[in-house]
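Next come two complexes built around chain A: one with chain B, the other with chain C.
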Partner chain A sequence: MLRKARQWGPPLLLITPSLILIAVFVYGLIAVNAWTSATDMHTAAQSTGVTPSRFVWFENYGQLLGSDSFQHSLKNLLLYTVVFLAGAMFFGFLWAWLLDRPVRFEGVFRSVYLFPMAVSFVASGVVWRWLLNSNQGEQASGLNRLFQMAGLGFMQNNWWNNVDTGIAAIAIPAIWQLSGYIMALFLAGFRGIPDELREAAKIDGASEWQMYRLVLFPQLSPVALSAVIIIGHMSLKVFDLIMSISKPANYQTKVPAIDMFTLKSSYNYADSAAVGAILLLIVLVLIVPYLISVARAGKR
Partner chain B sequence: MRIHRKFTGLVAGAAAVSLLLAACSGNDSANDNDNGGGGGDAAGGGEVEVFTWWAAGSEKLGLDALVGVFEEQNPDITFINGSVAGGAGSAAKDLLQSRLQANDPPDTFQAHAGAELTDYINAGQLEDVSDLYDELDLRDAFPADLVDRLTVDGKIYSVPSNIHRANVVWANPTVLEEAGLDPAATYESLDDWFVALDAVEAAGKTPLSLATTWTQVHLLETVLLADLGADAYSGLWDGSTDWAGAEVTAALEDFQKLVGYTNTDRDGLDWPGATQQVMDGQAAFNVMGDWAVAAFEEAGKVAGTDYIYFPVPGTDGVFDFLADSFTLPVGAPHPDGAKAWLATVGSAEGQTAFNMAKGSIPARTDTNPADFSEYQQTAIASFAQDTIVSSLAHGAAAPIATLNGIADATSKFTTGASDLATFQDELVAAVG
Partner chain C sequence: MTTTTTRPPIADVPPPARTQKGPRGADRGNGRFSPARTARYALLLFFLVVILIPVYVLIVTSFKGSGDAAATRAWNLPTSWTLENWRTAWTALSPAILRTVTLVVPSSIISAMLGSMNGFVLARWRFVGADIVFTLILFGMFIPYQAVMIPLLQLMLGAGVPSGVPSLILLHVIYGIPITTLIFRNYYMSVPEELIEAARIDGAGMLRAYWSVVLPISIPSFVVVLIWQFTSAWNDFLFAVFFSSSQNGPVTLALNNLANGAMLQNYGQSMAGALLASFPTLLVYILLGRYFIGGLMSGSVKG
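Up next, the complex of A and B:
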């Protein structure tokens, strides 16, 4: 008993402060958020306790999920995630695959692709707002002007101002910023595969494609999974990029995180908290299976 | 020995926890001391933290001028500038919301006069300043119309510093002439105006420049005002005009038509971008509040030759007003400093200095119009004789939640995600 305590005591003591902090500031606040989302605290007066608020269980969730505009936000989030994920994975893998072969100036290319990640979303958002200007024809600027100059006038479009697919245009800067990071992950993955395996495959008469499909890809799958999780959870939290390219009140680029912010500004704390809880649940759907698989792999 | 060690562990743990708690509470007591000290100072001077979103441009110049008068009148009170930049005041409002929620209010903060104060009042965050009005004779200094609008259940919660007019059209005479229009022409109604807008469109320029959502709401409010008239427009906010009625439908149709004349990149611009298009001769008209005059002057443009202005067609004789005002929050650390600030804000010298720099007009009726620019003189004259109505987009007519609901519906409509009937339904829901 005492020996156990001596084994457990000091480490436990060491992590106690952070345990307490996490318990209060993460899980405690999640609990407060959940509580707020189940009340009818929709006005400023209720938030200061001047007028009472009631417990309404899941009424706010029902109303939110039933409303057209919130469904539009969820649809936008899904579209954004799909485009961002597919784009970043595609370009990240492509660049890693190209750089994996012996190329001259590899270090230069690597840095060039990785640099955009050093820019904050807010700063790059300002520049991309100019590039993604929706004017066409004579008053076009940014990418639309570039298309005209390149004789590709038919490719002009109104970018993020399209009410159905506009959010996909916001994914372009995100892909531009994160592809380099995905490249670095995959490149590390490629480099981690011993040369002997490739040689063995070649000796066994595997074609290039067979070697990738049967030898290299299986070894890259943990890297790919991590990349999907990283991009996926970043995508679900998207906020700053939209704030700096578009405006929070613009309907075409609304996502749940933006809704959460505008509802909070209208003193609608209950609905805002409900949006937060919904976002948390969506992230959990992505993260929990990942954690389970990691835990399983750890046991093996 | 073993037991001893266990105890050491426990003691160490307890010490760690208490240190943590001490760190948290230490902060509090430091704040208390600070507040206590500040309160003590206030008797013989002290300080005042003034929270605004006047951080740049003509607004900053106005604030500086006002501070100049304040320091002259109160040499023993230190002015602390609590201005927050960004998002046309939205960044400041968000920070203010958290500070009030955390019971850490500034000594006084800027807020649009009128319905925007409702949330603060209902939440019990503002002190009644009626006594200050009596003490300084402010009731007689401001127009009766304005004082009525500031009064809630017989109490007044803020002191207005300046008045802006929202229903103004700014136009580029060169573009109008190119389109074969007479720059001196006046337009009786929106229908007359549509003819001119068609002419500009035929000449290949943007007829009407517009920016992001709030400027669209601003345009919507002036269209409602033009089509419904002043009384029915005011009725939209007290429930006597039916939002679902046919007259509102007709106004929304006009709004839809006007949006059809605008630039396609509107959602990416803020108001200076839209006004700039008129200055640069890309667009003929722009509907914006009269703070735009400061932008024209800053660009070295001359009224009459480089730009012209007139009330939005159909709203002549109506003054769509908004006002900035200052408040006394509950629990302000330096209430005496705040009262001194409010006295300066309400004084004729303060209002003259502030508005000469900012380009708005004084709320007081006893200032000398000759001190002000040509545009301001016309606005002062209109404010004295026109019917006054409250602006929606700038917080005078409706509380924030209503305004945000209307803004959401408007953005949805102008991006093409809803038709006119849905738009009207959503407006009814937002106000109801």
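Up next, the complex of A and C:
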């Protein structure tokens, strides 16, 4: 008995505080949030507990998913994710590919490509709002002015002020900030490939393209999967950039995370919680298969 | 879940990709002109310039006075360089910068300690279900915080945790547990078993072995974790918006108010402010870059 206590006591002592915190603040709160999202807590009086609220099951979800406004948010989120993902993967891979062979000043290039990652979305939002200014012609500043100066005036556009595709402009700063990260992942991937593999392929007479297609790409696919998960997951939570470049009230750039904030600000806790739960579900679809595959791979 | 270096999100610490400059295939035409090589350098330089465009704008605009407001001068250097914007931005942001320091330092240290304890137990104490417990902890890193925000607000209010620095310390510590646990666990998995066993044969209990053998060799992981937590807490905006106000909040909130508060935007001020707010994390990145990358590599799916 005493022996058991000596064996189990210390590790339990070390890990229990964290387990309790995670149990309460992650799993407990997710459960409470799900409960709140199934009530009619739509007013300040109800949200602060002054007047009672009823349980309405999935009514809030039905109304949210049926509303044009929330559908617009979901559509925006999808467009943002596609542009962000495509951009970050493209530039990240390209830079890693360019830097994989011996390059002079490799460290300088790598550091500059990666540095935007160290800056907060709020700070980069300040400069990107200036760059993505929608004024054109005489009044143009930012990128539109730069396009004029470069003789590319036709490329001017109103960036994030476009109702249908404005959200794609918000993905540009996100690509600027995170492509370097994807580059770092791919670069580590490239360098994790044993030289013998390349040598063997060369000896077998593989062309450059065959080498990539048959040897390098398969080796890099786990890295690519991780990169997609990381960017996709970041993209679903986009909030800071929109708050800083646009405004929460701007219809053209709203996404679920922004809706969650505006609904909370008007004390509509039930709908706000429902939006949070929907976001969680979307993330789960992406993450759970990944976590399981990582766990399986580790067991081997 | 053992670690492999070729699968980055769960890779080893410190980072692998730093100084591997080994010749990869012979560098054909060493020093000689070759179209492929030239194209590669041209592309690299082109992207370098593109990435630095926002930096140019930030720096130049922050030194511009009202005389440079015309749109036609948007990309020009200032007609007269002025420190006015920097002064205003510093007055507006310095209290918030101080508050951010007081919240980021304790929260990074506490969450690093918790992560180290958890990581050690999960790596060295192979009880049934250890992997499941680890995965359950790890999951906390992936959740969108929007999914806990409403009950979290109610809980913090109900528990009477003051808004501002105290709330934010608590939140960064709690939601930092998954990533810090991950980094330390992976590191401790790579520590030779014999090292700890030797300590235990010498009569040290698990706690003693942790304190006197494991902690001292964990310095590299601590650096990685501290940098990671420092950067993400410093740059946090989501928790700041929900759990603090412009009177008691961190620098990201103050910067956002400076940049978006007034009806007429003063870009000079907000750009000076953005530079001020980014200075600490950039300094860390420049001085301790390799550890920063180590954090990225070890599973930074947080943001």
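In this text, the second predicted complex is superposed on the first by the 287 of 300 C-alpha atoms of A that agree within 3 Å, B and C clash if a C-alpha of one lies under 4 Å from a C-alpha of the other, contacts with A are read in each partner's own complex, and residues count from 1 in each chain.
Throughout what follows, a residue touches a chain if its C-beta (ideal position, glycine included) is under 8 Å from a C-beta of that chain, and two chains touch if they have at least 3 such contacts.
In this text, all values refer to a predicted model and were calculated from it rather than measured experimentally.
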So in the superposed three-chain picture, is A:K75 touching just chain B, just chain C, both, or none of them (first/second/both/neither)?
neither
Quick one: classify A:K247 as touching chain B (first), chain C (second), both or neither.
both
Superposition-derived comparison: chain B or chain C, residues of chain A touched
C
Could you look at A:V119 and tell me whether it touches chain B, chain C, both or neither (first, second, both, neither)?
second
Now for A:V50: first (chain B), second (chain C), both, or neither, which partner does it touch?
first
With both complexes superposed on chain A, which partner does A:Y267 reach: first (chain B), second (chain C), both or neither?
first
Examine A:N158 and indicate which partner it touches, taking first as chain B and second as chain C; both and neither are also allowed.
first
Which chain A residues contact chain B in one complex and chain C in the other?
6, 10, 13, 17, 129, 135, 138-139, 247, 264
Seen from chain A, its contact residues with chain C in the complex are 6, 10-11, 13-15, 17-19, 21-22, 25-27, 29-30, 32-33, 36, 91, 94-95, 98-103, 106, 109, 111-131, 135, 138-142, 145-146, 149, 176, 180-181, 184-185, 187-189, 191-193, 195, 198, 219, 222-223, 226, 229-230, 233-234, 236-237, 239-240, 243-244, 247, 256-257, 260-261, 264, 269, 272-273, 275-277, 279-280, 283, 287, 291, 294-295, 297-299
Contact set on chain C toward chain A in their complex:
1-2, 5-11, 15-17, 20-21, 23-25, 27, 40-41, 43-44, 47-48, 51-54, 57-58, 61, 71-72, 74-75, 114, 117-118, 120-122, 125, 127, 131, 133, 135-140, 142-153, 155, 174-175, 177-178, 181, 205-207, 210, 231, 234-238, 241-242, 252, 255-256, 259-260, 267, 270-271, 273-275, 277-278, 281-282, 284-286, 289, 292-293, 296-297, 300-301, 303
Which bits of chain B are touching chain A when the two form their complex?
2, 5-6, 9, 12-13, 16-17, 20, 90, 93-94, 97, 101, 119-120, 122-125, 204, 206, 212-214, 263-265, 267-268, 282, 400-401, 404-405, 407-408, 411-412, 415-417
The chain A residues in contact with chain B across the complex are 2, 5-6, 9-10, 13, 16-17, 20, 42-45, 47-48, 50-51, 69, 72, 129, 132-136, 138-139, 158, 161, 163, 245-247, 249-252, 262, 264-268
